[in-house]
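Two complexes follow with chain A in common, the first pairing it with chain B and the second with chain C.
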Partner chain A sequence: MVVAVTNLTYFLAWAYLDPRSNYVGRRPPLSEQQIVNLLEPRNLDDGTPLLVRWWNWFSGVLFRWDWGVSPTGQSVNDQVAYRMWISAELMLGATILLTLIGIALGVYSASRQYRVGDRVAQGTSIITMNIPIVVAALGLVLLAIAFNGAVGTTVFYVTGASSPGVSGFFPTLVDTIQHLTLPTLALVIVGYAQYHFLQRSLLLDNIKSDYVRMARAKGLTKQQAIRKHALRTSLIPVTTQVAFSIPGIFTGAVLTESIFAWKGMGQYFIETISKNDINGVVAVAAFGAVMTAIGAILADIAVVVLDPRVRVS
Partner chain B sequence: MATDPSMVDPLAEAETAPPVVEPGQRKRLSKWRLYGRRFTRNRPAVGGVVIFVLLVLFALFGPLFAKYDHVELDFLALSDPPSPEHWFGTNNAGNDLYAMVVVGLQRSLLIAVVVATGTTILSAVIGTAAAYFGGRIERVALFVIHFLMVAPTFLLLAMMSNSSGGDWKVIALVLILVSWFFQARTIWTLSLSLREREFVHAARYMGVPGLRIVFRHLIPNIGSLLVINFTLGVVGAVMAETGLSFLGFGVKLPDVSLGSLIGIGASSISSSPWMFYFPAAALTLLTVSMALIADGLRDALDPTSAAGGRA
Partner chain C sequence: MTTPVLSVRDLTVSFPSEAGRVDAVRGVSFDVAAGRTLGIVGESGSGKSVTSLAVMGLLDENARVGGSVRFEGEELLGKSDVQMSKIRGNGIAMIFQDPLTSLTPVFTVGDQIVEALTVHNPRMSRRAAWSRAVELLKLVGIPRPEDRVKSFPHEFSGGMRQRVVIAIAMANNPRLIIADEPTTALDVTIQAQILDLIKTAQRETGAAVMMITHDMGVVANIADDVVVMYAGRPIEQAPVDTLFADTRMPYSIGLLGAIPRVDTSEKQPLVPIKGTPPLLVDLPDACPFAARCPIVTDACRTAEPELVAVGGDDRHRAACIRAEEIRAGRIDGGPVYPLPEIPTSTLESVPRDLRNPTLEVENLSKSFPLLKGSFRKKKVGEVHAVKGVSFDVREGETMAIVGESGSGKTTTLLQIMDFATQDDGDIRIVGTSVADVKGGRAERQLRRDVQIVFQDPVGSLDPRMTVFDVIAEPLRTVGTPSAQVGPRVDELMGLVGLDPSHSDRFPAAFSGGQRQRIGIARALATNPKLVVLDEPVSALDVSVQAGVINLLDELKVRLGLSYLFVAHDLSVVRHIADRVAVMYLGSFVEHGEVDAVFDDPQHPYTQALLSAIPVPDPVAERTREHIVLTGDLPSPTDSIQGCAFVSRCPLYQTLDDAERAVCDTKVPALSGRTGVHVNACHHR
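The block that comes next holds the complex of A and B.
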């Protein structure tokens, strides 16, 4: 399936993107032969038949694990390998934080169903979940600029993953945190609510079940019953969901990365489309498909490991 | 011996007048009254409706109050903050931001409603038809759905709408194309159990043709789900469209949407923040109000929900 999708993307990309247009209309204008000479060795010349181009590309991937080059000649392999970790740097912390916050809030509001705390938490979550990430991110940028202005020094950086010329362990750490805080906050604000609602409804289902009432009847306090009996079962589907989202750490966040100018996978995605980088586009799609597949496998593994009712023969 | 009038069997004692239920004694609520009551009890949902209606009114009647057209340039006011002349300020080319926000809101709303309607109809028909007819139709439908689930839809979306040159109709069409299948799959699973119900069997044995069963018996039975899907679809479509337009792949100048306005505002966010404030506020109000409405509808339409209290 992944292979089929990737190949389909290759043809679709050729149908919609045109690397030649990068060179047409340049000043001084390039002759037709010059353009062909530039594109041909990069397997991007639309003069050669599509099937020949496809085979050149596919055999390169298949036999040499070479995903081709961009119209300017950079290797797609290098780009993906490098940008993957930038995305991971951004997404890892955000994913961990929003999962923990979401689950904690879910447990809190499920154990106080329909009381003030639950209502307030649910209302806040509905609102934050539906703030568009663009608005959240840019709002944070404005706040940070105001904060920096008030303090007088640059506490939060609003662009990039790191400043140039920083060395040593602690300066690098501080610098990274200064760059990481804002995008992480933006991702957490819009992202935690899904786990909040999931955890809340699952835990409520379990709290009403017979074995939790049994535990209460044995004399456990409500807190103990929830923690030891209801929470454990309700965590299984949540973990599946989390496992499913882990590969997303590497595929990155398109909008957040482009707002905060992180050169990760999400930003690469935009760059490849706007620069007619067909090999790059296909590589991004393939990477995404593989990551989705890994996510599905991880989710299955998580269920098998956590749920004693599931037996694998 | 005085018997309770309501205990009298009207068939056995036909001479006596049949029992009359006093109006007001125990009123049966009609379905819609019940839904209305449960919905209005959810105060955030009512707030959502109010905000949404205000936004729609603003989009419809806002142009009447505008002093400028959204493509008109005022060279005497470049990058001006909000003033009595330009209520929301102007951008660096002298466009009136008020007029642009109104037009952008219209555009975003229109795309969202078109996409949500298309998605809901398409998913309902395909999902239920696949479940009811089974066999080859079901296999083909499921194959397409599963294929689209793996396909890089956001990439397709970006490429197709980018090459459309910013025509909102193409963007809406592409958005429908890449968002119907998740809902269709949910509806398919639900309809699987629905097709085994007695009323469906009865209709089939009475000789009702298959398509009519789908439209008259299956789809009305998932009606509440469709209503909720529609409202959530509006939220999703607004977010997708504004995301695309923000990146520059969606609606393009001279046409504007809230997303492209925010995109323009983002580039000058520290020097002229009002360029960001107003479209962002409109967008956030739109998505949040729709989500509140969806939440209220879910509580009102779901018979098992207890969030709205009794009745």
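The block that comes next holds the complex of A and C.
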């Protein structure tokens, strides 16, 4: 499946993107032969028949694990290998935080259904869920700049993943956190609400179930019964969804990375398209497909671990 | 007399709702003493379950509870959740209705029993708790408890899960066990096992038992004292013998008259209670039963009667101003409820052999393949859901198929309704073989003659269609001219006892019994010869059930219908059927005329099935011998060489080796008086 999708993307990319146009408007103008000389060794010359280009590319991937180069000659392999960790650095923390906050809030508001706490939490989540990431991110940037101005020193960096010239373990750690805080916050603010609502409704279904009443009849208090019996069963679908989102850590966040100038996978995706980097686009698509597949497998494993009913046979 | 374990005084429970405050329980008082069993009887909505949850403190938080509940002298109302949790599962244990949902699916049964133990004995070691769990499982009769303790609930059958629930209830030797309809979701043979087990649990722990049920038979079987509840109030309260022998309140009389009996052959009509229970919102100060009562007087509507002692017996109390006039269900020399008239059929005088068959089934079989493997499904075996079943239904006759769940009765019905062509047999409907039905036109033609009524009156009616559309749909399908549809729908509504002017309403506006009537009207729309009824009354309350049964009886006579009736309730079958077949694991084990089968059951399975049903008569119930079958229905995937019943057969246990060998190796065929009464047992 992944192979089919990747090859399809290759042809689609060639249908829409044109590496030649990168050079056409150059000053001084390049001659036709010069452009071909630039593109041909990179397997990006549309003068070569498409099938031949495809085979060159595909055999490279198949036999040498070489995903090709960009129009400027950078290796796609290197780019992806480097950028996925940048993305992971940003997304890992955000995913963990928003999952934990979402589930915790879900449990909190489900066990206080229709009381003030539940209503406030729900109202807040509805608002944050509907804030576009761009608005959230830019709002945070403005706030951070104002904060930095008020304190008089740069506490939060609003661009990039790290400052140049920082070395040593603790300085690097502090620097990373300074860069990470804002994009992470932005992602968490817009992302946690989905888990909040999912967990809340699932848990409410289970709180009313017979086995929670049975657990209370055994002598557990309501809170104990909810935490032990209702939560465990209602976590199954939530975990499935979280497992699905884990590979998303590596594929990155397109808008957030662009706004905060993180050179991660999401930003790479935009960059490759705008620079007619066919090999890069295809690699991003293939990477996404593989990650989705891994997510599905992870979700299945999670269900098997959590739900004994699936384990039989 | 010692102080009662539980003493409830003037308990009231109300819930807020959109329609106003719902008074679910309105002044309930009773005592339960150690070692005794109190039965609380009532139909759905009578407040009996709410009462039990109020005692446990498990009601929703928006419920308002008043009055007093004292457990061993200690007031329970007003205690916090934390304080109540010390008592729940320790002093008071509860058994819930549905064993399939009352165990947490993701924990092993051992974990769940251990949890009940350790939550009240924090110092109990894990090892001690686990060995106690195994001991409890052994006590409730679960085979191989050492292995089964590590199993998850889905690996148990319904009856086994209820045993686990009872084991949890018994875990801390409670002084009071509350059982809320513990056997309603189970088959009769399993019900008998569970009732026995509750009695065992009571003997072991010396606990008081509060048994909540709608089944008068269960009450007669297990209870010492009875409270009958109606519209949130107790309306009659007495020791069990007094209540059954000298019923005073018209509602209790009606409840007893509405249930068919499995142990008598009289064919008089059942006595339904007209109408439906009142909504518990803004009740006027009048007898809540007045609207349905056949002996209502003006005085009944002026004030709600108090529960007072009747007949000079302090223990027998009834809430009816005419209670002193009523003696043993009769008033002024006549019955409280006039017997409804049911016309008799002219067909009944025609001998059976001369009547035309409407349905002939010959050697019907159905098997499902068992598949294995995740990518390529390989067939690894077959499940024989139905194995070589043959019978016929004649004009004006009711044929019933009874059996436990999983016996194949519904599959048999569906095969007939599907017009499934048989490899080695045939289904003929009014003389037409289904093998000859080719093409949609011929199939629709045949479909007119056979219609079905489903079990669940809620699920079988499209909630987005008006009743008119529901009933008109089959008419339009068979191409009735639209000018005739309207009058025909009105006629059908009248026929099933509904007001034709209500046909523009949606099904949600009707009660369960009325909805089942709509389902019957829909089935009758095309003037069928044969109506297939799949458990048509099992989802209804007893007083409503009687009305539907009488309607079916009446329609059969008036329209000359034949019924093929599937039920697990043998009392209903005895009442309505002319012929009956007992099904076990896909085959008939006994088949014949209903009185012959019920009065003189031959097959050990039929005997057990009949004896397992509690009859609503405490005196008879005490002397009746119950044959309690051990174990569950074997899985249909097992391949059984000889008689399928061997694993549970009480007769098999008494046989010598040579006789057993026959059972083990040879599949028994139906034998006996052909057409009258046959059974499939080698030794009967």
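What we mean here is this: the second predicted complex is superposed on the first by the 311 of 313 C-alpha atoms of A that agree within 3 Å, B and C clash if a C-alpha of one lies under 4 Å from a C-alpha of the other, contacts with A are read in each partner's own complex, and residues count from 1 in each chain.
Heads up, the rule we're going with is that contacts are C-beta pairs under 8 Å (C-beta built on N, C-alpha and C of every residue); 3 or more make two chains touch, one makes a residue touch a chain.
Remember, predicted model here, so these are calculated numbers, not experimental data.
> Between chain B (first) and chain C (second), which, if any, makes contact with A:R309: first, second, both or neither?
second
> With the two complexes superposed on chain A, say which partner A:K218 touches: chain B (first), chain C (second), both, or neither.
In the superposition, A:K218 touches chain C alone.
> A:L17 in the overlay: touching chain B, chain C, both, or neither? Say first, second, both or neither.
It touches chain B, and chain C stays clear.
> In the superposed arrangement, does A:P171 touch chain B (first), chain C (second), both or neither?
A:P171: touches no partner chain.
> By residue count, which of the two partners contacts chain A more extensively, chain B or chain C?
Chain A has more residues touched by B than by the other partner.
> With both complexes superposed on chain A, which partner does A:I259 reach: first (chain B), second (chain C), both or neither?
Touch status of A:I259: first partner only.
> For A:V135 in the superposed arrangement: first (chain B), second (chain C), both or neither?
First partner only.
> By the touch definition at the top of the document, which applies to A:G288: first (chain B), second (chain C), both, or neither?
After superposition on chain A, A:G288 lies in contact with chain B alone.
> Which partner chains sit in contact with A:M1 here, chain B, chain C, both or neither? Use first/second/both/neither.
Touch partner of A:M1: chain B, not chain C.
> Quick check for you: in the superposed arrangement, does A:I273 touch first (chain B), second (chain C), both or neither?
first
> Can you give me the overlap between the chain B contact set and the chain C contact set on chain A?
none
> Okay, in this complex, where on chain B does chain A touch?
Touching chain A: residues 44, 147, 150-152, 154-156, 158-160, 162-163, 235, 238-239, 242-243, 246-249, 259, 262, 265-266, 269-270, 273, 276, 280, 283-284, 287-288, 290-292, 295, 307 of chain B.
> Flag every residue of chain A that touches chain C in the complex, lowest number first.
209-211, 213-224, 228-229, 232-233, 236, 306-309, 312
> Residue numbers of chain C touching chain A in their complex, please.
Interface residues on chain C, with respect to chain A: 56, 58, 81-82, 85-90, 93-94, 96, 98, 101-108, 112, 115-116, 119-120, 152, 154-155, 165, 168, 172.
> Considering the complex alone, what residue numbers of chain A touch chain B?
Residues in contact with chain B: 1-2, 5, 8-9, 12-13, 16-17, 114, 123, 126-127, 129-135, 138-139, 141-142, 145, 254-255, 258-259, 269-270, 273-274, 281, 284-285, 288-289, 292.
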